[in-house]
Every structure is written in structure tokens, then in C-alpha cells.
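Heads up: the structure comes next, in C-alpha cells.
To keep things simple, chains are lettered A, B, C and D as they appear, and every chain counts its residues starting from 1.
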Amino acid sequence: MNETHHLRRMTTIWVILSIAADLLGWFVLGPHMPPGRMTETAYHDQIDFNILLMVALPVVIGVWVYMGYAITVWSAKRAPDPVGGDAARGNTRTQVLWISITSVMTLAAAAFGTWALVVDHGSGGGEGPNPIWAPSGAAQAETAAFSPNSGWTPGQALPVQVIGQQWKFTYRYPTFGGFETSQLILPDNATIVFNVTSLDVIHSFWAYQLGVKADANPQVNDVAYTETKQLGSFMVRCSELCGIWHGAMYNSGQVVTPAAFQSWAQQTEAANAANTKLLPPFAWTYVPDANGANGGYYPDGKATPYSSVEVYGSKNPAS
Amino acid sequence: MTISAERPVATSGGATTTTERVSWTQRPGIWSQHLGTAIVGAIVGYLLGHWLGNAIASSYPYIQNSGQNVIAVTLGEIFGVAGWLLGIGALNYPLAKMAGRQPGKEVDVQGWSKYFRYSTNHKTVGLQYVVGVLLFLFTGGLLAMAIRTELLNPTTHYFSADTYIKIVSEHGTVMMMMATSIVVGPLGNYLVPLMIGSRRMAFPRIEAFSFWVFTAGYMVIFSALPLGGFPTGWTGYAPLQTQAGPGMIGYLFGFAVIGMGMMAAGFNMAVTIINYRAPGMTWSRVPILVWSLLATSALLTLATPTLFAAGVFGLLDKTAQTAFYVNEHGGSAYLWQNLFWFFGHPEVYIMALPGFGIVGEILPVFTRKPLFAYKVGAAGMIGVALLSFFVWQHHLYQSGINPDMRPLFMLTTELISIPTGFIYLVGMGTLYKAKIRFEIPMLFALALYFNFLIGGVTGVFLSDVPVNVTVHGGFFVLSHFHYTIMGGLLFAFMGGLYYWLPKMTGRMLNKKIGLWHFWTMFVFFNLTFFPMFIIGLLGQPRRVFTYAKNLQGLNDFSSVSAFLLGFSFLIFAFNMVYSLWINPQKAPANPWDSRGLEWQTANPVPSYNFERIPVVLSDPYRYSEPGAPAVADLGDAGLVHAAPQD
Amino acid sequence: MSKQGRFATVIVLFLVAVGLVVWAVAAFLTPGTPGGEMDFTTTASAGQPVNITVQTVGAIGFGAHPTWVSYLVKDPTTGAWVQDTSWKLPADTVVHMTVYQYDSGGPLRNQEWGQVQGTIGGTATVNGQTVSVVDSNSGGGVGHTFAVPALGLAVPLPGVSNPNICGAGPCHQSSPHNTVSFEFKTPGPGTYSWQCFVPCGLGYLFGNGGPMATQNYMGGVLDVVR
Amino acid sequence: MAKVEQGYTSTPEEEEFELRAHIGSVWSGGRLFIGMYTFLLASLAYTYFYLRSSNSGNLWRPHHMTAPMSFGWGIVLATALAGVLAVYGQWRFRRGGVADWQVAGWTALVLLVGALMLQIWELTKLPFYPGASGYASSFIGWGVFNIATLVVSAYWVETALARGMRLRTEIGGDRPTLSTHPSAQSFRANVASMTYFMGFVGVGAAFFFALFYLI
């Protein structure tokens, strides 16, 4: 059997299997790929995943077909004696071809990833305090966050603050008087601006079906965007190890109709009014007292935070 | 015990004969330095340090308040490790050196007791490392069994939440630290001098130091459990790290101690490879495993100091109350993430590259073909090593650190798959029109190609920022790195053991038991970890003790497979014991018909490796090439011809 | 040694290793597991409310960490105060909980936990008065909270401002304390973690280490069964 | 003439090969050690600049807190001078000035030990507590690293000096600068590597002095 025969056979098997796998992957598996299509970012993340899958499947199948072919056809029982020498030690054309193909593929993957990241406004990932790929309306939401009675109307972007603490996420709605609650309710068809921060250690806010993940760092406002597209409930989990109850740090949230959201927000604002008065004014980040209640780790009275940001809990500066 | 305390040694020129003191570490009998004195030293040191810490710090307010004296624990650990090194004899020469003394001529004590001593013979150290890393591996594996037990049920808990986190953290830390040395330690130390035609390593004391510090690190990391464990996982993120109890010292100090071992091992390895190559062992003839170990050593020596520094800062935060990682006092929690991953990503390649090297050695032997694209393969390893310093922030895509840098890190990360792909080019090219013998080492090598492909391709998914949003911090990434480290490195290591243990011990490992081991390990490895990709995509974060009820089926499947995977390691352990001790079968001098220089010396390998320093004549991969020159001129033993052609 | 002898040695060594592992698991890995949980399922007849009485103390006074702050629960059969935070409860049942709060308090890090949430009626009774919000910045502040995040249950336990607070647990009624009682309904079967949201682990960064991060002190699980 | 050692024989060619390899190891090991140490100190410099630029809660360096200047000058001058002396000594050593090298070496050692004492003393006299600011934290880090560096360099200088003294008797009165005895060759390689390291330490001390005290 000559050389072209082997390669032709392998290529045939590879093409058939790859096409089959890609078709199955795109049409059967693809639409159900996590994280689903509840939001624009989730939808984009899903598409990106599927596109990478379309490239990855032929690569994996290619190697497997080759290896499978090799171990069946060229086993010691069947194969003729191999030929060593220079030809077997390296073949410039093969090497150049291999390097070129892998280089093109990886560069294309990086370019595609960058493009997807930019057009999808950070793809729902935490973009730090000064996002450079913000969707329209984000700037308006940032301003609105500091006018506590601005509420929300459909079409506007809604700012929501996510506060991680050991071991629960709580949520502040700055445009509704800045009330805080442990429920996460979002309106449908709206751009949501998540401002994620923490009061102690690092957490990670992972709203799975929304395609949003942003680390909650103390004293950092980690911003992530999404745009809701479907009604329904979604899961929030902490995805950064934060101590003993990390595994229990979850809650479910809901995307509801704009009207339902309005009424829920207004009701909760009213119901929590007594407590909201006791909260510090809304700020992007808060300075938790590193010591905890009644003294603690660092010597008290010597740390003097000349802080420009709001203090969560009045025990700061340390007494 | 065949040597006496005083023995005649011929000095240069052979004219005068003087008597020279034999090092304390090499004296026969129990009145010398060995594991026993090391243990005594460690215990005394720990108690002394602990007492000192209590004397100094028990009145400090935060220590009184917390009811746990981290300073006493830290000093105890430091003194304990110092006592361990003092007891084993690691400090004998460094102290004698202060009086200007030269190292004494050291020979190994004969008999099994040499394995419990501060041996400077690279073959003894290599075998010590084999046992050491297997001990690491098995204890880490038991913890993995505990993790999978807890995850059998989303609501019924076998461990309490805090204990579960301790187990997870301990498992990750032990495994990661073990994996850094799993090839460099045992196979590297044993084989590199044989492969490059040297009679010794460049710095045998540093080599021995690396092993005994490695064992000390093992104990330090495990001391965390009785001290209350640490809750941070192997990544040890601050400020959770700063919040944790004294068990955290076991992590921070353990990392620092093992870091010293890693630096020492890499330093010695790199210097040896550069300087001790036999005449004729040009860079284009260096075996591919040696190339991979050189690249690994570069990472070990240059990346580990960062980890060491990060660990020292963490220790200072916990004991001296600095605030490196505490935002509220002027530090930054991001700092740890940056320092840790600046080490942490090269670390990942510290664990991948040696595996590539091993399969590169195994493939030509069992295909009877030269290694395809040898230079591209070597260049790929160096390329991976270099690039690995520029990718660390891909662990931090969602952290809010430098979000505008994400495209750059996405690019560098995906670029790394180009040199990694070279390894596949090498493998697939070598298999082309080969004559494959399915011996156990070859099966493991092929399994690496299967597993690492999955691990590598999922790595591309992880490096893509939009996809990373869903898969970061979940079981997907967990499965990904188990596929690369366990599916890659550990399979390669197992293949390497089956391949080289006949050389190292003079005994063949039983093939029938080996086949059982391979197939159970390969099948159950994949059945354990492949479902975890799906579990991760369905939204299960890492390190949780409870999960969504609908994922129980997949988790149980994974757990049961994991138990069977654990069982396959028992088969392996049994094979080791059976073949090496219960029913030993003498190995032929060159059981696999390899051309490798390491197979050309006598069996068992004499303590001086080569009768004459060999003159290397060609690279070791010229199989199936009639008229290929012998691999080396071994001097008195005459020209050793190429391995028999089949 | 004969082949059989070596084989037997290996078996013996293997058994020793297994023994060591079992010992290590028993010594270091299983204490505080839900196995030793306090059973409340048999204390009331089906459908009837279950009574739980607990106290919070500033320093537990015994055990491995005598200075740590802790919850203690009253054993429903013997009436003794026990350090156990894993409670077995019947599903879909009203739980009537009484907390004797013996510890001092202060401002909450997050005043959100000063709201009574998730109880029946959305209120709790503090020393006979019905409250729904406790201002943690005034008076004795909040000493601890009893919160089950998965159920949305959170009740602040106001701190004791009397300086003669109880020094070591178990504390007696004669020490100054606040009595907080509330009712909540257990959900379907499952395990639900509960914790305190006051950073009360003294000497730990953010006050959330030590007793806050160790089961049987300031957190535990509700094991709800049918 | 073959040499009997550990049960094997070495031909003169092999001895020469081993000696070359050994000297090469000392040479490349010395450079690699500097490389490793650079990464260690670079981690500290990175920390310094990272905390400085993030300035969490405006707590990088309130009131421009500075460690005691007198200690700082003392430490940096002693360390840098030790570095200069090591380089000078090596320069003289290469030209046969063994005595000069020894005097320079012992002086450098005294300076290093002095700097070490000062550094430890300084840590007990700081006008801020360790967790007071980012600057305070990284300064403590530098203190610890500097102690380690000074111990390592003092050790290296001391062992080289002690070796030099003993060597003279070992090689039968030959000057270590000229002798072709293997021990002398090895010794010279060690001294050269030590000198490079000392120069590196001197530069490092000046660099971190500038970071922590001057700017």
C-alpha cells in the first residue's frame, strides 16, 4: 500500500466523521448548550461555545482517526518493517503545514474571541470598575444609580448592585431608594448593569443562565452587563471559594415582566424603608471593617483609612 | 554494611594515601544521621519553636482573641523543618564549609539503609523520589476518594462543611506539589546523568537537599490537618487566606518549603544538563526527555521564587500582621492572584512538559522509528516554557483585574497551543508507518495523547473569554486540568515507571497485572472526569459540598468511576510490590531494545554509571536505519552497536 | 523470606495502612459531621410545632476552643445544653424557636441582617416586644443573627448592653440576656445550612474565621426529613 | 595515570573533562542563582509598585510614612560598599593580589554583618505598625528579604574566605590565583561567581533603598 492510500483513507474517514459530528453538534446539541438563551450574553456565550466546538470536533476527530488508524494498521503483528533514516526523521512540508495550520487556527480563535468579547460588551464577564466595552445606556444607569428616586422605566438600563459577604449575596437597587434585599428580580428586555462588590473576602457572582460571572472583590466595583431576553428563573452561585459555606452560597433569581418588576420593586422599597434608612448611602464600594465585631485582627485605633468611599457598618474607622 | 568509618582514599596522583573522615550521613549503624535522627530533629525543633512562639506571642491581643497562636505554629514549623534538615545531615557540609572544608568523598552505605539517608548518589535520590512522590500521590488520592464520597449525594453529607473544604484544599495542594516533582524528582534525577553520559549530577548535595526538603514540605502540608486545616483550596486566595486559622500556615509555609525543593531540583537539573553532557552529546543529540527537563528546570528556577515571595508575604500577613493582601489596610487581594498565577501558570507547564518528554522517549522505542520532527519538538518545549510566563491573567478573566488586557492574554494563551501542538506533530509523525508494539509503556504513552487532546482542546475553550464566563470556576475547568495533569503527566509517569523501573531496579514489572492496571486506569479515568465537563457546563461550581439535585446522576457516575480509578492504583501498588519484592523477575539488560544511552550501561547501574565517560556518536532515535552509527563509544566496553534491529 | 511470607507481610502492611487511614479519617475528618445531630423529629407529634431552644454565648468555656463564641442547643429529651449545630427537623412543620442571647453586640457590617426576614408574620419577639427591624447602630447593637440563607430566614439577635455579661457557657437565666422567639416553617426534605451574619470571630480578619468558619460554633445544618 | 576513586578509574582526560564540567557548573550555577534571586526581588518590586498604584483606600502611604532614614543610609552604604569591595577584591585577585582580596573580603563581611544587624534593629524601631499601609507592609517584606539576602551573601563571602585560607595549605603553598590544581581552579570559579552575586546584591540594595526611602 502506498503513502497516498493511507492518507486518503484517513482523510475520508475524518471528513465523514467530522461533518457528522459538526452537524450533530450544531443542530442537535447546539441549541441546548449552556448557558442557554435567557439573555443576550448567554446567547452569545452559547454561540461562541458552539463555534469553538465546530472547530474542536474535527481537530479531536482528526487526531483520533489518525491514532486509531495507526494502532490498527501499523501494529507489530501486521505492519511491515518501518523505514528509518532522514525521511522518517522529519519532513519539512509536513512540519510547515502543521505549524501553519495550527497557527492560523489559534490566531483565528483569538481574533474571534476578541471580536465576540467586544461586540457583546464584555460577554457578561466582570470588567472591573471602568468597563471599556459598555452597552448603550450603561452610562445613564451609572448616573441614575446616584439619584435614589429615579426608578426604572422600560428601555432604560437597570443598575443592580451585588454585594457578596460570607456567605450570601445581597442585592441593592440604587434607583429604588437604594433598598437592599436577598432576592434578585430583574425586568425582561432590559440592559442590566451589575455592580459586583464584596464586604469581606473574594466571591464570584455567577448568574448561570444569564451568562454573567464577575468576581466580588472587597473595595472593587466589578461591572458586568447583560440584556435579559426571556422570562424565567435562574440560578446564582458563588464560584470562588470563600470559606466554609461557599457551597451553600446560592439563591435563585427571576426575570419578570417590566410591569411585575416595577410593582415588586416599589413594594419592596416600601416594605424595606425602615431598614433602608439605616443602610449607608449607595456607593460603588464600601469599606468593611477588617476587624469584625468587637476588635480583632489588626491593632485598633492605628489604621486611619482616609477613605473616599462609603463605609458599610459604622465600626469603621476601627474604634 | 560494608564500609568502615575510616577508609583509605587515594588522592590525586595516587602517590599519597590519606585517611578521610566518612560523612556522618554515610556511617553504618544507627550512630549516624538518617531518617530516625531527622524525625527526632523535626519533633524537637517543632516543640522548641512552638514553645518559643508561645513565649513571645501569647499575650498579643489578636492571638488571645482568636485562641489560636499562629506565631507559635509558624515558628514550630520553621524550627521543625530546620531540625529535620539538621537531623538528616543536610546542613553538615554547609556548616563545615564555613570552616573552609571541601566536601568529603562520599560513597553510599551499602544495603537498603542508604534509602533512609542523605544520599548524594543521583540513583539513590531518584529511587527515594519514586517512593516519595508515590506517597504523595496515594495520600492525595485518598483525599480525592473522600471528595467523591461527599459528592455522592447533594444533600446527605458525609463530612461537615468545614471538613469538606479542608479535604478539598489538602487534596489540591498535595497533588499540585507532588506533581511539580513527579518526573523531575524520580526519573529526572535518576536518568538525566545516564542519558547525557555523565557520572554524576552537578550539585549532588543540592539534589539530596531537594528531596529531603520535599519530604519536609509533605509533612508541613499535612500538618495543616491536625492544626485545623485550611479553607482556601490549592489557590489559597487572599484575603480568605489571611482570615483562616493556623492550618493556613501549613499551606503557606508548605508552599515555601516545597518551593525551595523545586528551586533546588531545577537548579541542579539545569546546571547538570548544560555542563555535564558527555563529549559528542551536542544539543541536537540530547534526548527529548532531557530537553523537556531543561525547559521544566527553567520554569522551576525562575517561576518558583515568585511563589516563594508570595508565600512569605502571606506568612507575614498572618504572623507579623502586615497587610499585603488586605485591601482595607492598603494591600491588595489582587496582588496574591497576580503573584500566585505568575508562578501558577508556569507551574502548569512544569507539570506538562516532562510528560511530553517521557512519551517522546517511549514512542520511538515501541514504533521502531526515529522521533519525528525532533527539533520542532524540542523547540516546542522551549516555546511553551517561554510563553507560559505571559499567560497568567487568563485565570483572572472575571476577576476585574485589567479587563482591557483580556484580549492580549487570550492571544498569548491560544498561542501556547501552537508549541503544544508540536508534541502531537512529533507523536503522530512517529506513529506513521510504524511497527507498534503494545507494551505497557507504549499504552500509557498513547493514552497520554488521547487524554491530553481532550485536556488541551478544552483549554482553548477556557482561554476564550466569552466561553470562560460560563466555564470558569466550575467543574469544567476542574475536569480540564485533571485531563492535562492526571491524564497527561500521571499517565506519562506511569508509562515511564513501567519503562525505566527495569533499569532502575533490575526487575521487570509484571505485564499481566500491568495490563489490568492500564486498562482500569485509562477507562475509569475517562469515566470519572469526562462527566465532569458536563457537570461543569450544567452549572456546578468547584469546591462545593452541595449541588443541584438534577446533577446527582452524573456526580454519582463520576464518583463510582473515581472509586474504581482508585482501585486501579491499588492494582498498580500491588504490581510494584509483587514484581519488585514478592516474586521478582530479573530484567534483561535492555528489555525494550532501546538505543537510549541509559540502557547501554551495565545492569544494575554501577555507582559511577559508566566505566569510561562515553563519547556520543549519534542521537538515540535512529531506529530502522541500516548503517546508523552506534549511539556512543563506551570506551573499554567497546563500541556499543545500535540496538538490535528487528 | 518465602514467597508466601512476603505475601503475608504485604497483606499485613496493607491492613496497617488501611487502619492508619481509618484512624486519620476518624481523628481529623469526621468530627462535627451531621452524624451527631440533635433529633427534633420525635419531640412533637406529627403536624404539631417543634420547639427549639438555643442560647448564644460569648465564650463557650469548654472544648477545644474555650474562648470561641458559640451557639448551644437544649437537648429536647434531657434538657441539657449541648454544643451541636446539626439539627434534624421534620419537613413542612412549624418550628417555634427561642433564643437566649447572652452576648454583647455592636453594629452589623451589613444592616440588611438587622431585618427580620422569612419568619411567620415577618416578625420576631424580643423580650416580649414584636420587632421587624433592629437598628444595629444604636443600643446594644446586634450580637448575632440566626439565618438560614437558603430559606430566606434571618433574625437579628440584639446584643446585651449590660456589662455583666455571662463569661462562659452554658449561661444561666440569671445572667443578662435577651430572649428572642420566632416561628418559621421547614421546607421539604434536604439539608440547609444556617449561620450567623455578625462577624463575631474575634481575632480573625473580617471577624469571619475561627468559630464562624467551624461547624458546631456559629453555624450548622438543618437536616430536614420527612 | 589512572585515578582510583569509588571503585572506578578516571583517565586524565576524564578528570580534565569533569573539572571543566565542574567549573562550568559553578559558573552557570552562579548566574542562574542570580537569575533566581532576581525573580525573587522582582516579586517584591512588583508588589511595591502594585500596591502603590492600586493605593487601596488611599492607604498606600498616608503622610508619606518612611522608615528611619539613618538606618536606611547605614544599611545601603554598608551593603553597597561590600559589593564594591567584592568587585575590587576580585579585580586585585585576578592580578595576583590574594592579600588584597582577603582584606577586601573580610571588610566586606564585616560590613554585611553590620548591615544585617542594622536591618534587624531597624525592624524593631519602625514608626508605623506592619499593617498600617501598603508601604508599611512592603517595607516589612523588604526587611525580611534583605535579612535573607545579607545572610546569604555573608555566608558566601565567609565560605569563600575560609576556603581560600585552607586552600593554601592544601595545594602546598601555591598561590590560589596561579595554581593549576583542580581545587584552585574550582576556587577561582567560585570567587568569580561570588563577586557577581555581591555586585548584584549591592545594586539591589541601592535600588530598594531608592524605592523605600527616597521616592
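FYI, contacts are C-beta pairs under 8 Å (C-beta built on N, C-alpha and C of every residue); 3 or more make two chains touch, one makes a residue touch a chain.
Just so it is clear, the model here is predicted, and its values are computed rather than measured.
*Asks:* By C-alpha centroid distance to the whole-protein centroid, which chain wins?
*Replies:* B
*Asks:* Counting only C-beta pairs in contact, which chains form the busiest pair?
*Replies:* A-B
*Asks:* Distance-wise, how many Å sit between the C-alpha centres of chain B and chain C, to the nearest whole number?
*Replies:* Those two chain centres are 42 Å apart.
*Asks:* For chain A versus chain C, what separation do you get between their C-alpha means, in angstrom?
*Replies:* Here chain A and chain C have centroids separated by 34 Å.
*Asks:* What is the distance, in whole Å, between the centres of chain B and chain D, each centre taken as the mean of its C-alpha atoms?
*Replies:* Using C-alpha averages as centres, the distance is 30 Å.
*Asks:* Can you compute the centre-to-centre distance for chain A and chain B, using the mean CA position of each chain? Integer Å is fine.
*Replies:* Result: the chain centres lie 33 Å from each other.
*Asks:* Among the residues of chain B, which ones contact at least 2 other chains?
*Replies:* 61-62, 65, 161-162, 231, 239, 242-243, 321, 323, 326-329, 334, 546
*Asks:* Mark out which residues of chain C touch at least two other chains, giving numbers and ranges.
*Replies:* In chain C, residues 193, 201-206, 208, 213-215, 219 touch at least two other chains, as defined above.
*Asks:* Residues of chain A touching 2+ other chains?
*Replies:* Residues 200-201, 219, 243-245, 248, 287-290, 295-299, 303, 305.
*Asks:* Mind giving me all the chain pairs that touch?
*Replies:* Chain-chain contacts present: A-B, A-C, A-D, B-C, B-D.
*Asks:* Spell out the part of chain B that touches chain A in their complex, as residue ranges.
*Replies:* Against chain A, chain B makes touches at 61-62, 65, 161-162, 164-165, 231-233, 235, 237, 239-240, 242-243, 321, 323, 326-329, 333-334, 367-376, 397-404, 406-407, 410-411, 414-415, 417-418, 421-422, 424-425, 428-429, 431-438, 446, 449-450, 453-454, 457, 460-461, 463-470, 472-474, 537-539, 541-548, 621-625, 628, 646.
*Asks:* Which residues of chain B touch chain C once you look at their complex with the stated criterion?
*Replies:* Chain B residues touching chain C: 61-68, 142, 146, 155-163, 166-167, 225-226, 228-229, 231, 239, 242-245, 326, 546, 577, 581-583.
*Asks:* Okay, in this complex, where on chain A does chain D touch?
*Replies:* 219, 287, 298-299, 302-309
*Asks:* List the residues on chain A that touch chain B in their complex, please.
*Replies:* Contacts found on chain A: 3, 6, 33-35, 41, 44-45, 48-49, 52, 56, 59-60, 63-64, 66-67, 70-71, 74-76, 79-85, 88-91, 94-95, 98-99, 102-103, 106-107, 109-110, 112-114, 116-117, 120, 122-129, 131-132, 196, 200-202, 204, 206, 208, 211-215, 217-220, 222, 235, 237-248, 287-290, 295-299, 303, 305.
*Asks:* What part of chain D is in contact with chain A in the complex they form?
*Replies:* Residues of chain D touching chain A: 56-59, 62, 129, 131-132.
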